[in-house]
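Sharing a structure with you now.
Order of writing sets the labels: A, B, C, D and E. Residues in every chain begin at 1.
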């Protein structure tokens, strides 16, 4: 391949379409390795021949930049996302789920599915949002932490947990869950997907990085439920 | 009849098709290697399911393929001593011996102490089977089967790995078992002499078929049976009565046609005994012999002669009520001018009647 | 000396401390169950490393713990036939037979065809060991060892599972092996009679120690050895020369003190033969006997008498150059008034010299 | 080192031990039965059973966890009735973690036991039958003691595997401190954040020490038993 | 169903087969040696070797992958010299995927082989020695054929496990299409995106069919060989 991209697994479908477009347009061959942001970051740290890293996790990007493994100059946030509260089933009646007591009432004996609240970005954002909304106290012992946000989604989709906190992009395409609330923008740090060239990136990488910010690409991301960077 | 067996079983390259009946007592199953003896034993024990057949022990049907009866091995109460011992490697000798006893429950009659002593395995009780020699293993296997209080005992060449002394020590015990309990025993062996004194019935097997079967005395004394049993094993079994014990260590036994002096047998005068005299241990004379070291000289009448392909002739004598076989050379038969009806003298060295061939009185009391 | 063994080995509850030497030919290792016979065999084969000892075969040192020599089993070229066969379960009978041959390479002298025929295993070549009967397995194991062209053959009761007929068929072959190759054979057995005709040397083992050892003829004819070997197994081995084959199926053998008529032995006149006559198969007479069916009557002189605890007496006779043992009752000895120096006649039925007890001429030519 | 272990980490260790022990203990009878069936019985569907048993070994653990979630979850076709009728709940409970660990370790256990059953000489079992022992008694008095080394080995191997199980467990019952947060879940969480390697490795070490201890114990036990049986 | 499999999925399947086959083939000699050493030799450090072999079974796969990355990565203490001196590179190559799969499957392979070696009657090997076979020949002509069922079973089990290996692989060599994206990695990728479950399950099915096929084959082979050896 002419270009090796390491990308957070959650970007999958959208990035594949962008890749196909780019390859059709330029004739160059891109290989994208999807894995957890932490795994990819560690691999870059230990010499992976990646040219471009698209992370779902700013901390890991910071870590790599600090280690000199990433060209800090090239770093930019290419995407954003929003955090939503989901419930199982199509068209679950939206109501004021984020009001005090509402969530616990709705949970009943059930669990609130989230990604790991100390380790995985979606979990970290989620906890921050709950804390700032004053709900954390109330639900913290009802939280079931999954190893990633997709697993949290699966818990809700399968009916194991009545509610879950995931990215809007995850909820969009999932048939058997519905968004019952969106966390207000200020309730957590902005959700950003930073992308940057690695220290040893090949020249073509920069063009593709630029392309990720192009309207065409941003459009595809938007269709997948992401929000454009800088919004 | 205490044991009725009729079996048909096909293996690749070998077909068993045997049928025999055996009264109470010991039935000897003879035959060369590969004759199917072990296969018969396995079928009776319920470890091989024959293609067709019927097995009945003391009126109890263990197998009847026609009627769809096939008792499970553990319900047959058939004790087995196998060619290869098959001791439980995870149990001590003591535990191996106790295994069957435990399942026999209230049937468990035999006193373990007696059996252990008789088999000479008292010192081994704490050992594991892996630390036993070949013969020791086999002795333990015999003890284990005996202590399970079986209704039928199958012994597949159990003594093959034992020395003569041990063999001689075990045989009298089996004999008592035969006489005082009513457990039928099916005893597989290569050597007729090993069990002739034991066996009530002899079944000769070859290539999966029963060649001959019948009461031991009759069969062994039948010159026609010689080629089946092998000339070395031909001989006659005589029934007699113990008359007296003499000072010099000999015991006197009265048979229908005279008396025999045998190495001491321990029994009370009056006891019935069986004596086997090998056909090859008998010398014939036309005149009453004088000045011989042989003590047993019996007068009889030639009843049949049978010459085989070799240089030997089997001569059957009528001595009192009994039949005695002698195996002599053709040359001698010619020299003595033997013919049916002729009177002659049979000379048997007393010691040629080996201890193992004198039956009826065991050296030790039977276990309770 | 072709085999020198000296071993010390301690096992829990058993200590082997044996030393013996054996010339060329067959050495019989006797002893009751648990005597340590198998342990000796394993040590010689290199499969058990004794605590201390030295083993030398035809001048080749296989083991010398003092000098730190211990040849690996596969370099010893010691063929083994074990009590339990130990056939390779994944190989056909043919492949089992060929196994040792392959490693023997240029040493592999024996023609497989001959060995196969002699052992009667031609029909089994395509079978797997699991489908063989006990005796069939053992025959294959013997063939496998023979075909490996060993420099020393160890046989640990290889015939225990065989019937008399098969035994008789194999013994002559071992005999030829002894006479025509120079492979020494150490043969473990319970029964002296089984190998007396084969054995050049007898080593009697009991409880881990050598009780007696020496040339077979000497040892068997020595009345003092009787309690060691067991009275039933006492007997003498006579060396003779085959003189003629008679029409009636008998062969004539000349010994130093006369002639013997034996069932036909296949050999050319002039051949040397060994004949074993069991002590219990001999009848003594003070007068030359007349009109007996026994053909072999030898004149000799009493050289010793030995009475044991039983009713028997062992009488040693000098017949020509040879010693002959007779086992008779005390009563007879008294009646005949036997004493050393006295002349008397030994009567042995020709057929009492059993086929298995006539050595020297094998029924089939030796494999190349 | 021990003093640097936090209370939460102790909890995780204790939970892991409990989950693994229960997983092994509860699956052992079924493991024995399955191993015996596969080794000795010939029945239609034998190969299907064999395949099913191996499935957790073959599938990526996450998939197994996902399938467990679908089947044994609260609304799952197995989980729902179990909870409704017997009150046996797996969802988000340590019992679920034990179920996941047990299922993941099951093929290892069954294989070990099965091989040792196949190595038992049927002639010994036949001998026991002729001595009057019925099938179950033969099994208890002959087969079981003879396969004991295999059972111990299989059980402890399963235990070690259960101690390390992560993917299926977290997917099925997620990571609830004190309830389903086993050592591997804790390790995983540490590995997700930059600089968490040190803490993760410390937990790895604890986990390895425990599992290795169990394995060495099983080796030792196995050898002891084998020696009793007179093997080499 | 087949027509819905994309070229990329075929690639993943082909890669998985290659990776698993190479992993098994390359580790088999070492597996035989290790199993033999553990079964028969007594040497200091035997238990340590035993523990090491089992490590991948005990550790969460992600940890194994991480340790591989540390050791065999481009800059790792083993990976760097290997690449510099012999040109054997594992980092982010299919060879690395094979290494990870091989290591994860190694304990299963070794255990299966070891148990079958322990079941070989040393008396048979002794008999072979007396017939003139030196140690290596005894091993080749007696031991190896007798353990063949165990070796086949161990090899195929290892293959099946390798086919399902994911955690260590993706952590060690990432998930690069055509190079290290094996079936399980592809399944993971699908599971990480909305609506990918269908595609993931399709790949799971393919993977299960292949692995089950291999397992059934091994059962069949094992029984054939066992029958040749005259077992039940």
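Following the convention adopted for this analysis, contacts are C-beta pairs under 8 Å (C-beta built on N, C-alpha and C of every residue); 3 or more make two chains touch, one makes a residue touch a chain.
Here the structure is a predicted model, which is why all the values come from computation and not from measurement.
Colleague: Find out how few touching-chain steps suffice to connect chain A with chain C.
Modeller: Counted as steps through touching chains, the separation is 2.
Colleague: Any chains in contact with both chain D and chain E?
Modeller: A
Colleague: Just how far, in Å, is the C-alpha centre of chain D from the one of chain C?
Modeller: Distance between chain centres: 60 Å.
Colleague: Just the number, please: Cα centre separation of chain A and chain D in whole Å.
Modeller: Computed value for the inter-centroid distance: 35 Å.
Colleague: Can you work out the whole-Å distance between the CA centroids of chain B and chain C?
Modeller: 26
Colleague: Could you pull out the residues of chain E that touch at least 2 other chains?
Modeller: 62, 66, 188, 191, 231
Colleague: Could you list which residues of chain A touch at least two other chains?
Modeller: In chain A, nothing touches at least two other chains.
Colleague: Can you list every residue of chain C that touches 2 or more other chains, as numbers and ranges?
Modeller: 84, 131 - these are the residues of chain C that touch more than one other chain.
Colleague: Give the pairs of chains that touch; include all such pairs.
Modeller: Listed in label order, the chain pairs in contact are A-D, A-E, B-C, B-D, C-E, D-E.
Colleague: Which of the residues in chain E come into contact with chain A in the complex?
Modeller: 62, 66, 69-70, 73-76, 91-92, 170-171, 174-181, 188-196
Colleague: Okay, in this complex, where on chain C does chain B touch?
Modeller: Listed in rising order, the residues are 11-13, 31-34, 38, 83-84, 123, 127, 131, 133-136, 139, 157, 160-166, 190-191, 230, 232-233, 246, 248-250, 261, 263-264, 280-281, 283-287, 289-295, 310-312, 326-336, 347, 349-352, 354-355.
Colleague: What residues of chain B sit close enough to touch chain D in their complex?
Modeller: Residues in contact with chain D: 45-47, 72-80, 82, 84, 86, 88-91, 99-100, 103-104, 128-131, 144-145, 148.
Colleague: In the complex formed with chain D, which residues of chain A make contact?
Modeller: Within the complex, chain A touches chain D at residues 36, 38, 41, 59-60, 62-63, 110-111, 113, 116, 118-120, 143-147, 151-152, 154-155, 158-161.
Colleague: Can you name the residues of chain D that touch chain B in the complex?
Modeller: The contact residues of chain D facing chain B are 123-124, 126-135, 137-138, 141-142, 145-146, 148, 228-231.
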